[in-house]
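In the part that follows, the structures are each spelled out as structure tokens.
Both complexes below contain chain A, partnered by chain B and then by chain C.
So, the complex of A and B:
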């Protein structure tokens, strides 16, 4: 727990979650007008998430020097749920549904700051809009920044359940360990 | 399928939840980037960002009047502007806006001044787009709020050492305001 309080001290700048939620909503709304197919919006959101994730990874590493290098997926999942997600989304998350020899897992968000004031119309969901894909993209981007290639997608949500992000570990990217460095 | 509970069945949150500023900063920068990719001129970018702001403003106005004022709406122009300067700004950005002024030579134009807007903190404007001010987002929010409160106006963000939101009311709004003041006299 001591690491958590330290983290809060280092990073106490906070802002209204509602403004965040509505800003995101406004952006998605406008994107739905710009693209004909909601599926394209999902793809675009995934890309945006990816960019955000790789920047947040830098931010995270700069502020959390005490987080050790991860060696397996269980550790990755642990850092995501214990440090990264509470820090950047302000919610608690848990890992479940391990399968495929620890390569696949799900992260369940206790609540979702993106959907706090939002109800996604059912016809858009069935047309392929994945509203929370941004978070999945961000996880993918953040992990790729530390050389883990994963596939992540937001499991289509029904309004009364928590948001689930399904993650599949693909590979450790080749240049993950710079030459001459071993620890 | 079981009947799901809609968002309207839940009670409104108290709005005290917070999120890391970095997360918002990267989201906002992605949004500006998106607006930039979809537009050709700087004016286009401005308009797009303001449009996003308006979407936020319409919704935020409802939620704030309900929460803070028990759904009582300001009808006086000055009261409304003060409401934006203090209550709205506190709800959105955690602090009041710095100054509220009226132009001397134009009775329809007011200025809301903020030293460093939160939305501009993490945006660096490229040299070739020098006039771009991402506070257009906040300008959109103000415009939407005043519009919903039936004070028709046009809000733009300008930059002179500090960000000024120039609120240009329509003549009819000012006329109504003056008539209201006269009748109360």
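So, the complex of A and C:
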């Protein structure tokens, strides 16, 4: 499976990770100017990530036909770490910190491509900026597209370069049947 | 063997794409009505078969078959539904459906479309992609 995802990565259109990282940084800086409150920036990053994630879900499923339908959070975490994150971020990830009867877990990214060349000022972090919330939002969006409602947040960067994304499973969403088809 | 026609529906039952190749007889309904009925039938079959299921597990409806055609279903985890009508003895249709799904995601999520913020994917481009995939399939013609 892992060799397959690597192949996928190789033949997809690539851009330089550094350029991407700098562009992202410039965008967040610009947003900090526009929104003033760092908390609002975090919310916007989450929204952007959500929109990306809900589209990536289809892309992921189309590329990985043999991923099974997940039935519990352990499986969700496994697919995220083994297939989805290496495929789209190009880094390895591990799951830890299970709690609340398997409803909460953390994903630790081995390295965070978004923060490679970035130092987020501590006063912005304490003011509520979560720099990598985009990734958390993308995970939330992708899981919502496959009917799992979760809450995801990027835990503020600690001294080591790992980024922790905390995920709390909420509920399984049901498909609604279109109304008014009786005519 | 023949491949007759294909429908792609979104989660809400909106028909996103339709094309046909060797469909010599039409249903006599308006296209919109036909889409609604096809989608409704699929939903009903799904819920009915779930009710009758002998074990509590995640099951899927794969196809139904008459003496003259077979309708194969594919539902992605995101709720995109693709239905295709073929000759009853056609095989390898699941793989074909998956290829169509791939083509659809690539077209629907293409960067150009996201930037121009159009709601409809590029119809003619998708049409040619799907046609290419279908005509390549051994069961076509």
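Things worth noting here:
We adopt the following convention: the second predicted complex is superposed on the first by the 162 of 183 C-alpha atoms of A that agree within 3 Å, B and C clash if a C-alpha of one lies under 4 Å from a C-alpha of the other, contacts with A are read in each partner's own complex, and residues count from 1 in each chain.
FYI, contacts are C-beta pairs under 8 Å (C-beta built on N, C-alpha and C of every residue); 3 or more make two chains touch, one makes a residue touch a chain.
Keep in mind the model is a prediction, meaning the values are calculated, not measured.
In the superposition on chain A, A:109 makes contact with neither chain B nor chain C. Contacts of A:71 after superposition: chain C is touched, whereas chain B is not reached. Shared-chain residue A:59: touches chain B and chain C both. In the superposition on chain A, contact of A:136 is made with neither chain B nor chain C.
When the shared chain is aligned, no partner comes close enough to touch A:154: not chain B, not chain C. When both complexes are overlaid on chain A, the residue A:85 reaches neither chain B nor chain C.
Once the two complexes are laid over each other on the shared chain, residue contacts for A:95 go to neither chain B nor chain C. Of the two partner chains, chain C is the only one that A:146 touches; chain B does not reach it. Taken together, the two structures place residues 55, 59 of chain A in contact with chain B in one case and with chain C in the other.
For chain C in complex with chain A, the residues that touch the partner chain are 11-13, 36, 39-40, 43, 58, 76-80, 98, 101-102, 104-106, 108-109, 114. Against chain C, in their complex, chain A makes its touches with residues 55, 57-59, 61-63, 65, 69, 71, 145-147, 175-178, 181. Of all residues in chain A, only 11, 13-20, 22-27, 29-31, 34, 44, 48, 51-52, 55-56, 59, 87-90, 113, 116-119, 134, 158-160 touch chain B in the complex they form. Only residues 4-8, 13, 15, 17-24, 26-28, 30-31, 33-34, 38, 48, 51-56, 59-60, 63, 91-94, 118, 137 of chain B touch chain A when the two sit together in their complex.
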